[in-house]
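Read from first to last, the chains carry the letters A, B, C and D; within each, the first residue is number 1.
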């Protein structure tokens, strides 16, 4: 694995490394870790990279790695730069024949996402988008139960992702994370929807198997002085007629990453909380609700394939992240070996999720600016 | 107390009696308990009413009670009939000089609510509307903390009230409750908003001290064959600029009465769940969240005035209901004694809440039928 | 109902009145509310008692009430005095032919309890002991499930009742409750076991249907200066061979009334928390755990008979208390009418629970003073 | 790192590898993975070991690795064999100059543990014992708060570890884990205390900073046909006079790994649940309880040093495990570099925890067999 971005003080780069390390399948051997040469070199040392594989820019890395013998060069690159710097390295990496992992959202614009998909299709390479929350085993259990018709036809989805970290203008108080995420040039058209709303939307579509078909958005700049929305409420319609509500806010003072989803069908409902991810509540109208717990024998293959510890030994965010890396890696390995990856291997977000995510942002922004209530969800 | 409606098999009438009994301040002595004479008489017997005060219709009751000596006649009537049968007895009771308790929603239409308010103003009598949830001590604590500025300026309100009991067409399966509540002639223009959305809206306004100023509603008939909405999602703006989301649904299979509210201000947030009502979570951005618990010495007078047991001995729905009855009764007594009721005594929903509730229903229905996104909240 | 004790500032007397009021079946009409004549008279006024039925001592009350015509006199007395003042009025009341409700623990000593039982047996009257926690509907559901063999043979019981209110020497800081409860002359041989350990023991035996057969107790005076134990840990053996642990402590700073019980059988386990009493968790070894909730149609008659509100409208401590009063009242009424009370009516703690409770205290104290590990549980 | 035991189907070996991988500080390069040569070789392949470092027994591995140049050989060995096979390889590894990680309990007997400590002292090498639960950040926060006197003098500790996996005779149904753990020759004198009771005891001592001084144990064979206890209840006294209860059971049907601890001091209490490890509840007698959450800025260095993700992105069991590995590795590195390890680095269980754990088992077994109530805790 070669990493683009993710220098020594970056948040998400470190998370990607922890996740990639976990199963012993992936080794970080090359990096263009920072646009700042000193940071790049220092970060390389900290991460035990060979000096000659500590690159000062991604173009260099991709070129030189591609010139190495096949069994020496990296198998894929991971792009963990701010949103505006996803597209170019991803395109180039694919051109050089490398598979790609990208932190979400996939690109800065929907147009870029479409171009990227075209490139993926042309090259036949594998692209993985780290919508982490879909990597949790109980999310996979939920998806499987919906797929199996356990709840009957889905009627309603309620998903919320409240955070509090942008309750103040922390971008002006030296918080580097906040600085780029609230800068539309680096982050994109929407703050709350780009950063966390896309996660919520992807989760809703992933579990339900449905697609958003109409949208009515109210995006807000709550903290004065900010350039892009830090809060949003969205009404939804799904392609089977179900309705939904999606709330993503970064000004919910006191909240950490309180992503929650509730899905109701004709026969029952599901509830999952990201902050207690090993539990899935399944509710019935005339029977007691059930507490499905990760690591138990009664779970689906979809869930158990993505679990490392037995019931009662909690797994968390890094394990969910690692599931995405593992499935991606297994897919890439299978393809390299000329095998067809199994459904379990292919169970990671890909370029299509990326396009839907960018479309979600664009549609939400357009709807929010419109006085019309409902907007058809366009890609 | 004289009761109108609430015969032997009625749900909410029994709840009113339990709540009224609790503190030993109120005695049921008269009733027009059913439009069915046999049921009225049988119900009177079960409830130990004197035969001569077991009336066959409310007109009779109000007239005859008004003719009794002052110290024998009822002090107030409680109206627990279906929505369409609230207005007429309430008006007549006020005309006869009786104070009135009404089950929510106050009337069938906003027009009726306005006429009722005029009558209340003219007569100087007291009208109480049983928005039960505002009777919980921790709701009162929440309201007090907002009022005291503990959270700073309020920015966002998320309130949801999912129920599952109308997941099927139970109105056609002999469920009498469901039958009248899904019949627009008896229930009003909206099902989900009339029955539970008004509770959610009242709770949001009660705790926050804010008023809804704009609305964008999506009301749905989810279960085929039903005449009025059984589900709705509403975006809100409040008069201080805060935004909000209100979800009220009766088709959330597996849910009981899972009313939850989250309110966020500049400094922190509050969270309260009706099904675990003795706990109020107060969240802070840079300090640990706190668990406020009913019955403790650190609570506000507003909370402790409405508590009967010490911390750890849970109170519930009936106690919240009883708080409304007790405060109403204390207010009526104070007035009868020529005293000015205290703020604690006056802390029960009244005809103004009734008008706002009916306006909420009307505005939600109008908005839902409109293709415009935002509608000014009109009364 | 006539009340002995429970003057205006008493805690548990007020609770008894709230509970007795709730269902409209019981009316407080007489009282010997305090040994202080002024308090007795003032309390009588506050409670709307007739002056002539506001007595200055219980002997007077019992005598005069017994001389009233049958349809005027009280049907039963409620004794809510401190422990040392339970026995004498209970005996006298039975002698006068009145049924009796007593706050737990039943008497000051085991000997008294046995004498009382003999009197109950002789008179054929009904005695009810208010072990409140066995009045909760989900406790009754738990008992029924054990009885039905749902869990298989019971193997282990863990019950704990931590409180924090005696963390300091509050008995010397003007806390009247604390003063008598920490005074062995008024409270009995054990503080923690007498006040709350008996509740825990009764709950364990009630749900499991088992009886304690051996005991190994460690009672402690944790707060220096106190005369009787404020803390205790007890190992148990039950008559079917199951083992158990009972913890009752009043020095667990920060705890309210955190009574919890877990019972495990061959096939599964039960968990119930008093502070969230409407939920019963049922655990299975190879299936998801289930959340049984009060007020639902799938519950046993034992549970639903003791429920007033539908699922999701929480009932609490007062309702549990009221269940005991209601069942007692229904039993007394049935007997008065020459009918045989049903199993549901008879489902309230009686003099036998009282004897077992006093034996529990005595055995715990004896064991705690012994260097032998196991003591046979003696009555 | 070289691993002894932990072949392809072993449970705890895989956990050790995941934990060791996570931070990218440790690489598995050698292994004596199974006593079965075929399993050893196949497991080596699966784990990408070089063929020449895939050893068929640990003696071989230790000898040959010690002959490699310093910069090539392993820095430490990890022993993940069943309990009876801990001592010999640990002694030999130390003799060869390797640092050692051992899965708990440290040895089969207290005698072995003492001998091992002597060897550690003689060699000056580092030994780490994987009492995983003390690796959780909120456990470290709890320990720090106790140390800082936040709760005042500790008065009472309640710790319980219920599991259900030995509810049936699964050792006879082909469960290899169950087979050796219920075999006293492989597992030691006690099943429940050896396997999980030692965890509970270590956790209690670790957080409280106290030491068990007296013990009164009741160990039980609940499932008929088993050779060693599968359940136990233990009363405790600590060296400062505090009392405690420790429950460890493997027959609590329906429980996963429900380790919970509550610690009470003069001023307040702490509560932590292993299955929701990122939350620490801190309770106060006259203020609202607080919810301390992992990853927040208000935590102690002890907690934040052992955290990888920001608040709201849950970490779990593997991260707790990885904390132990990381701190051990940092200590070993510091020592190799001639530096003094910091307090944070040294914060992992060591040979002294191992001795106390073995003493706990021995004392519990002795006490359980005795008719005396209290036994002095002897080492």
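The rule is short, and it goes like this: a contact is a pair of C-beta atoms (placed from the backbone, for glycine too) under 8 Å apart; a residue touches a chain by one contact, two chains touch by 3 or more.
Everything quoted here is computed from the prediction, not taken from an experiment.
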| item | value |
| --- | --- |
| Of C-D and A-C, whichever chain pair has more C-beta contact pairs | C-D |
| Per Cα centroids, the chain farthest from subunit A | C |
| Cα-centroid distance, subunit A relative to subunit C, in whole angstrom | 55 |
| Distance from subunit C to subunit B - Cα centre to Cα centre, in angstrom | 34 |
| Rounded Å distance, subunit C centre to subunit D centre (Cα mean) | 43 |
| Subunit C: positions in contact with at least two other chains | 255, 282, 289, 293, 296 |
| Subunit A - residues contacting subunit B, complex | 151, 155-156, 158, 160, 162, 164-165, 167-168, 216, 218, 220, 222, 231, 233, 235, 243-245, 247, 249, 251-255, 262, 264-269, 282-285, 289, 370-374 |
| Residue ranges of subunit C touching subunit A (in the complex, touch as defined) | 281-282, 286-293, 296-298 |
| Interfacial residue positions of subunit D with respect to subunit A in the complex | 11, 14-15, 17-18, 21-24, 28, 47-48, 163, 255-258, 274-278, 293, 295-296, 308-319 |
